[in-house]
Amino acid sequence: MKELFYQRDVISILDFNRESLEVLFEYADRMLKHIDTKLSLLNGKVVSLAFFEPSTRTRLSFEVAAKKLGADVISIVGEEASSVSKGESLADTIRMLDSYSNAIVIRHRYEGVAKYAAEIAEHPVINAGDGKQHHPTQTMIDLYTVKKLFNDIDGLVYGVLGDLRYGRATTSFLYGLSLFKPKKVYLISPESLRVREEVLHVLKERNIVFEERRNLEDVIEELDVLYVIRIQKERFPDPLEYEKVKGSYKVTLETLKKGKKNLKILHPLPKVDEIDERIDYTSYAAYFTQAKYGVPVRMALLALIFGVEP
Amino acid sequence: MKELFYQRDVISILDFNRESLEVLFEYADRMLKHIDTKLSLLNGKVVSLAFFEPSTRTRLSFEVAAKKLGADVISIVGEEASSVSKGESLADTIRMLDSYSNAIVIRHRYEGVAKYAAEIAEHPVINAGDGKQHHPTQTMIDLYTVKKLFNDIDGLVYGVLGDLRYGRATTSFLYGLSLFKPKKVYLISPESLRVREEVLHVLKERNIVFEERRNLEDVIEELDVLYVIRIQKERFPDPLEYEKVKGSYKVTLETLKKGKKNLKILHPLPKVDEIDERIDYTSYAAYFTQAKYGVPVRMALLALIFGVEP
Amino acid sequence: MKELFYQRDVISILDFNRESLEVLFEYADRMLKHIDTKLSLLNGKVVSLAFFEPSTRTRLSFEVAAKKLGADVISIVGEEASSVSKGESLADTIRMLDSYSNAIVIRHRYEGVAKYAAEIAEHPVINAGDGKQHHPTQTMIDLYTVKKLFNDIDGLVYGVLGDLRYGRATTSFLYGLSLFKPKKVYLISPESLRVREEVLHVLKERNIVFEERRNLEDVIEELDVLYVIRIQKERFPDPLEYEKVKGSYKVTLETLKKGKKNLKILHPLPKVDEIDERIDYTSYAAYFTQAKYGVPVRMALLALIFGVEP
């Protein structure tokens, strides 16, 4: 299953299957063991980080992952990245990075940019989030976290809460779950931020048992994993509408106490105010651990892409 | 005395004593000897630089220091740092850096942020300047420079000139001096920019002989060390007031010639126009040497924090 | 000829001669062979990148070059670089970098800044482009590319097309050619963007056979190498004037087909729309290869400056 990674582009989590993800998780376990060692597996390799949209967490964890493996890293970020693309075509910018480095990690606000970059570049391109649908490395981390917490990804009841319409982390996570056998998936969002049809289509096609809901309270008792992302107030057509429903989308300690003791909350971070701060200090909060796994999982992915073994 | 450093936060110079600083200086001497060697003492370690307020000199010298010891470095700087903190809580940003790295160097315009970060982070936090009071690593460099120039920190007459009210480098330097036995300290500033009471309190408590003055000329003959920081014109309530006194706070070659031949001027830099440019080329100017010591002193500090020996 | 490089500043291509450039090219060949190896030739050295004017390509290729040789790199870039220089004198900024690093690579919009920096710094200063005349490392890459393509720089017919008045890459390239024996050089530009007199003076003095032209079509049949840079519309005093002539300065596939089969197009990049995109996919396009040579040529230069042998 390593061949699904070797010198390959990473555009969507749907490019993978559960067997290949299990290889990845096994590599991540090994990385965790050497997490404070400087490895020399990627000595002489250069990894480019092209962040046309800002993302401190994803960028820094890729940077740490590449450096811990012995690679050098170059970056174009934010302002600079956008002024680059103003001057020259995106294709030429990608060609430049392709000629200076051995892999390109790219984030962009527009859907399809990673795939386009992959067509131009000779070296592997890793999608660090583009558009509202794909963020495969985030999903690898999310699933790895579930695996570490529950020893299994199958057979659990998942709630996915927030802006399911525009959130790329949740969409990608749902695609990722569809490679496994969850017992049930609850999709919890306001009407106007429901999951898009194309996503439901993928879930159906892969026989995922799911149900759409409007309210966390109604399903809290059943959940093993609650995946939360931000609901942006400004996406509600009517601000009054938001005021009416916001209680359903802000996770409180009171709501959690109605659920399972072992319930775990995931969040791709950054979070703003959708999770009651007191939860940070409880055993429900798995999101800081999840963030921490960003480094070993991305190390594992880079190792597999370059065909080196930890 | 190494235990004052090992895996400890560095928030204020007052957390240390002279014995521990002497250990630091001895380490810095050893670092100076290998200054052009890439050491591997911190291989596998990652140092985060979180500069919420810009500071090229402090940031770059920390970066060089960490890299020369073999550590990898990740940074969030300026614009990006502030947009991070806009989105998510400072606590979450610190947690992120804490999970990707083995130490966090932080600069922030608000007093107490370094201490707050240290409470959140599991790894050591180093204050690279916060608020108007603490900048412990600058003071370590300042005192090390005095030691190298005069072979001793005790027994000298110091003048500290400039905005003593808001200047964090001077406040921290005064705290640092209070750990030693200066013969006398002159505090030279306009009335409106006098040293704050809490600082005078520390000096008194530690039996430092000091005197407040308004004019450099009056004391120039006695000084061994003159520590200068910028006086910002805009801090004068009345610009005419500034015009009247500015002669007293711009250091000229003429004034220096009335002092000791061996007088040395320190300045944390950057300087703007508070020191006559001709002085740059005289033996009075110790500030470029002082800047240079930024690297070995910060190397020494990192080595002590990580418990490795050069 | 290595002594023309060892611990020397690199300000203008005219500081070199053809023998020294041939040594450089030979080093670059050797670098190409180890391009995917992490060398340790510059272990313990730090290279500063001071980009007061943005330049992703030049900056990143210097960064990769330095890192591949084992050096550490620190950077001040764009916004930050300009705010630095706002606060303190350029001289003090240079002194800071000089005390933290073993070489300074500098780019600045004003002519003469690299030379000024070189006078202040004790360590070598490399001009990465200043003003409208000098960009010596770009020219080294350009000439190396010609050498690799034609096995020789002498005896070829060159066309140099675009804004020859303000373009520093083309001016520097013409200076570089003047160290060799081109058969002929056509200088093709609109009247208002003609090569400046001082440049023609250098060409004459060095017995370069050249001719000024207004139109690419007239000379296309003779050319072996066509060096293109951007013509900025806004430099035309009258926009209508631009509309009239733009056909002559946008390189089309139709025009190229009238020329030699083996014609090669160079461009320092980024390009905007001065070259028909279809050309990117033809064998005329040598500019992506040229960009790629940025790394080995800059590695060769750094190795020669530090006196290490690949």
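For this structure, a couple of remarks:
First chain written, first letter: the chains are A, B and C, and each begins at residue 1.
Keep this in mind: a residue touches a chain if its C-beta (ideal position, glycine included) is under 8 Å from a C-beta of that chain, and two chains touch if they have at least 3 such contacts.
The chain list, named the UniProt way, goes like this: A, B, C = Aspartate carbamoyltransferase.
Please read these numbers as outputs of a predicted model, since none were measured by experiment.
Common neighbours of subunit B and subunit C (chains touching each): A.
Between subunit A and subunit B, the superposing rotation on Cα atoms measures out at 120°, rounded to the nearest 5.
In the contact between subunit A and subunit C, the residue numbers used by both copies make up under half of all numbers at that interface. Per-chain CA centroids place subunit A at a distance of 41 Å from subunit C. With touch defined as above, residues shared between interfaces to two or more other chains in subunit A number as follows: 79.
On subunit A, the positions that touch subunit C within their shared complex are 43-46, 70, 72, 74, 76, 79-80, 83-84, 87-89, 91-93, 95-97, 99-102.
In the complex of the two chains, the subunit B residues touching subunit C come out as 36-38, 54, 56-57, 60-61, 63-64, 67-68, 77-79, 269-272, 277, 280, 288, 291-292, 294-295.
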